[in-house]
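Chain lettering (A, B and C) follows the sequence in which the chains are written, and residue indices restart at 1 in each chain.
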Amino acid sequence: MKLSEIAAALDARVEGDETIMIRRAVHPSEAEGPEDLALAMDKDLLALLPGSKAVAVVVAEGAELPPELTGIIRGRIVVKRPRYAMAGLLDVFEKPVHAEPGIHPQAYVAPDAVVAEDASVAPFAYIGPRARIGAGAVVLPHVTVGADAVIGEGSLLHPGARIGERVVLGARCIIHPNAAVGNDGFSFVTPEPGSVESAKTTGRVVGTNVLLRRVNSIGTVILGDDVEIGAGATIDRGTVTATRIGNGTKIDNLVQIGHNVQIGTNCMLCGHVGVAGSTVIGDRVVLAGKVGVADHVKIGSDAVVAANSGVGTDIPAKSVYMGYPAVPRARAFEQYKGLARLKRLFADVVDLKARLHAVDGQGKAPAKPVVAEQD
Amino acid sequence: MKLSEIAAALDARVEGDETIMIRRAVHPSEAEGPEDLALAMDKDLLALLPGSKAVAVVVAEGAELPPELTGIIRGRIVVKRPRYAMAGLLDVFEKPVHAEPGIHPQAYVAPDAVVAEDASVAPFAYIGPRARIGAGAVVLPHVTVGADAVIGEGSLLHPGARIGERVVLGARCIIHPNAAVGNDGFSFVTPEPGSVESAKTTGRVVGTNVLLRRVNSIGTVILGDDVEIGAGATIDRGTVTATRIGNGTKIDNLVQIGHNVQIGTNCMLCGHVGVAGSTVIGDRVVLAGKVGVADHVKIGSDAVVAANSGVGTDIPAKSVYMGYPAVPRARAFEQYKGLARLKRLFADVVDLKARLHAVDGQGKAPAKPVVAEQD
Amino acid sequence: MKLSEIAAALDARVEGDETIMIRRAVHPSEAEGPEDLALAMDKDLLALLPGSKAVAVVVAEGAELPPELTGIIRGRIVVKRPRYAMAGLLDVFEKPVHAEPGIHPQAYVAPDAVVAEDASVAPFAYIGPRARIGAGAVVLPHVTVGADAVIGEGSLLHPGARIGERVVLGARCIIHPNAAVGNDGFSFVTPEPGSVESAKTTGRVVGTNVLLRRVNSIGTVILGDDVEIGAGATIDRGTVTATRIGNGTKIDNLVQIGHNVQIGTNCMLCGHVGVAGSTVIGDRVVLAGKVGVADHVKIGSDAVVAANSGVGTDIPAKSVYMGYPAVPRARAFEQYKGLARLKRLFADVVDLKARLHAVDGQGKAPAKPVVAEQD
């Protein structure tokens, strides 16, 4: 591909020789010659160019090439928003996963399952009774598609993905390795009110959970279009109706979504996020890594929750929350600042007591002579 | 099924026409006609009924149907403890997973494994040497049962479950998709005391971990009867003896149980809980989502630990703990309250300093005139 | 094996009869006779010996056998560093996983894949196009090895391990059940600056993530020699170059490693640790259970981070950090101490206000008569 063609795909401009033929996009340290396009869209990467064999590069608008590279870098693509340009570049140089057309003879497809003609079903994939695999969908090795599940067109199921019975995936979903969609909810009930019920209301354990009776899940999971579920993530089915994840929402590795949860469109839930049962999350919400969200809470659209936070209450739209328990970001920062200055505050109060004792003779006399601290 | 029959199964009473024939249990918004029994056992669900096509409903004792439904709702089941009734309802309307009797020709069963006649072994299931699969057990696609493992009668192994060698499951266990039971413990030792040992004792890093020698696990995992292990959860085997999980204990998705851990009966460990090696957990303990428990601690029976807490010390029986580090709940609330009021406390102390300066002339003069705050 | 031979393997000495023939190493409570070597290298285990049928034992240097065991325990191995001796003992008594030599007929091996002659490939293992399996490597059931992946000699892939395309494993790596190495990075970009960018810089949500554009991952994962990846752990591939994990590093269950992360040698990352994209971790670093590390930070060699901590900034070499946000350990302890004494501090300030009011007449009069507290 010519440098000019790549630039056109990115809606960017070329400086220098736009006819250079490119074969790969690489990290500057891995450039081996003129066919390698070195990606140097930030300062750190730019600084690696002098030691690189790069001849063609991608740089950010306004970036200055080190002067010693004059004459060595023969062509460069100049982009405006580097992170966005990166997405475009990696579309151009994508390395799609290996998949052969048709149903492999070592796959299992139930006699009454329906697999679109141009779909790909790999060795050791299992397609259950009455399941439907849409046009262009790719089912990689060791994937399980349960009975009556529906896989939308163009979806990609990575090795070890588990799609439970009756689960519905929209178009172009990507389910990463070993993700499990459609597990039974974690729902048990005690004949009499148990320890958790009393702990929540009274703060003490009154009843005991002598028996845990299972609440079966007869609902399902419905994913919209363009949803991604990360490696090892787990999405539980609804108790009676469906757990739903809206169009364009991206869920990272090892995330846990409880039964009956409703998630809107274009959300991002990062690694190890956990959302307990029946919680409702709006559109475009971002939950950073390891955020935990309690059951039955509501998170408004466009809210952002910082990493490691524990959300126990509703969160308004467009707000930024953090901490455990999560509070508005400004308040959390105030608390951290307070914590960091706490030692000094204790010293101040000791000093005030001593000085006040000198004035009113009350309280305990100071252990050492009073020297007012100067702050 | 007649409405009266369903009510009988729940030990509940019917009001109205008890002869209505029911085919499905549904969310009120999904009721399509007289054959759909709408579950409306809380206020939110009740409020959905006027917009629903429901004719038969389940409601909680004391619930008032909206007046406009008179004549439309023809029969209702009235239940006392809604969550418990839900369990009964979902037993009646359970949708059991698809499983065919016998060993599928595309399964692998070692010649010396023993599979009960009425057990089900799906395509691509692997049963290792000398493993034993009990009566009525269901082994779904892509399950691995290692050599010498024992699966108790009526147990259900979901797709991708990994049962390690020599692991023993009691009766009626459910292992959810991609759970792994019987992994090697995470146990390594340095020739000389390493960084962790010095960090724990001195707070500083003295030794360095120049080499990590593996401590092999020759123990196993033993699960009691009616144990559930959630999707993607990982249970490590004991070093020399067994990691044990008692009868009726339920473990949620993505939980990690370390080597040698001993867990009692009827416990509930929620999503993302992590329990480090050799910790001992009593009976009926509840660990809410994301709780972390250090190694070698003891948690007494009936204790409840709130979500996101980090437990580093023993916890007494029947106590409620929370926070990081976890402390009794009342103390944790006190700390959160204190944190929230910290900003005000700092202001108070600044004010006290200024006023005391006016009295004793010591310390620094206030930056602005003293105005006593009124609280 | 003779007791003396075992002692020789541990570089330890025998007291008593060194000719006892040993068949198993067991927990004291599980000793059944003279062929069982009871491991009693700490006080708790030692205390179990009187109720045990043990005849041969391993004890720590300086341990006193209970006097009633004289004449019953006929031989004992005495070790200096028990945890290290344990590693040696479990090497002697290791129970290696079942694996048959050669490629099982129910495996799938792509025609152009290369499997070393003495490697083992189990039923339902999948070896993709051009993949290479090194000498002595063991590929257990349900493992996926993607196209062009390289498995180093002597590596062991447990059931359900997913090795993505182009991923490279060094020698003697162990990939535990259902671990997934080489998943796509979690990387999306909005056409215009989105909510996270504004939340980080201004603390408020300005832009909204109307569209999340995928940033494809064309990089890979490279593991050094002797690396272990725990059950259910997920390691994402680099965006352009490789995510790297150095020789001897051990990663526990359910750990998540983001794209482009660089980890040095001999590190230990415990259960549920999460490391976000592009972070750089030195050598011999220890991250305890549930630690979260933000993206693009640097953790120096030999640093130790305590369980449940959230790391948002660089951490110097050889330091011990803890808390959320993580700070040096001494400072964290100071903060916890402060938090625990906060209630008292509030009371002190109330008291000071009341006493100062008595002196200067300012502020609010105390609600009750001033009684100076005696501390």
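Quick note on the criterion: a residue touches a chain if its C-beta (ideal position, glycine included) is under 8 Å from a C-beta of that chain, and two chains touch if they have at least 3 such contacts.
Please read these numbers as outputs of a predicted model, since none were measured by experiment.
Chemist: Taking shared residue numbers divided by all residue numbers at the interface, is the value for chain B and chain C over half (same) or under half (different)?
Modeler: different
Chemist: Would you kindly give the rotation angle relating chain A to chain C, two copies of one sequence, based on a CA superposition and rounded to a multiple of 5 degrees?
Modeler: My answer is 120 degrees for the C-alpha fit.
Chemist: Indicate the whole-number Å distance between the mean C-alpha point of chain B and the mean C-alpha point of chain C.
Modeler: 22
Chemist: Would you pick out the residues of chain A that each touch at least 2 other chains?
Modeler: 124, 142, 160, 178, 232, 254, 272, 290, 324, 339, 342, 345, 349, 352, 356, 359
Chemist: Which bits of chain B are touching chain C when the two form their complex?
Modeler: So the residues of chain B in touch with chain C come to 108, 124, 126, 128-129, 142, 144, 146-147, 160, 162, 164-166, 178, 180, 183-184, 186, 188-191, 195-196, 199, 203-205, 208-218, 232-234, 236, 239-241, 254, 256, 258, 272, 274, 276, 290, 292, 294, 310, 312, 324-325, 327, 331, 334-335, 338-339, 341-342, 345, 348-349, 351-352, 355-356, 358-359, 370, 372-375.
Chemist: Applying the document's contact rule, which stretches of chain B touch chain A when the two form their complex?
Modeler: My answer: residues 25-27, 29-30, 39, 81, 83-84, 86-87, 90-91, 93-95, 97-98, 106, 122-124, 140-142, 158-160, 174, 176-178, 228, 230-232, 248, 250, 252-254, 266, 268, 270-272, 284, 286, 289-290, 302-304, 307-308, 318-320, 324, 329-330, 336, 339-340, 342-343, 345-346, 349, 352-353, 356, 359-360, 362-364.
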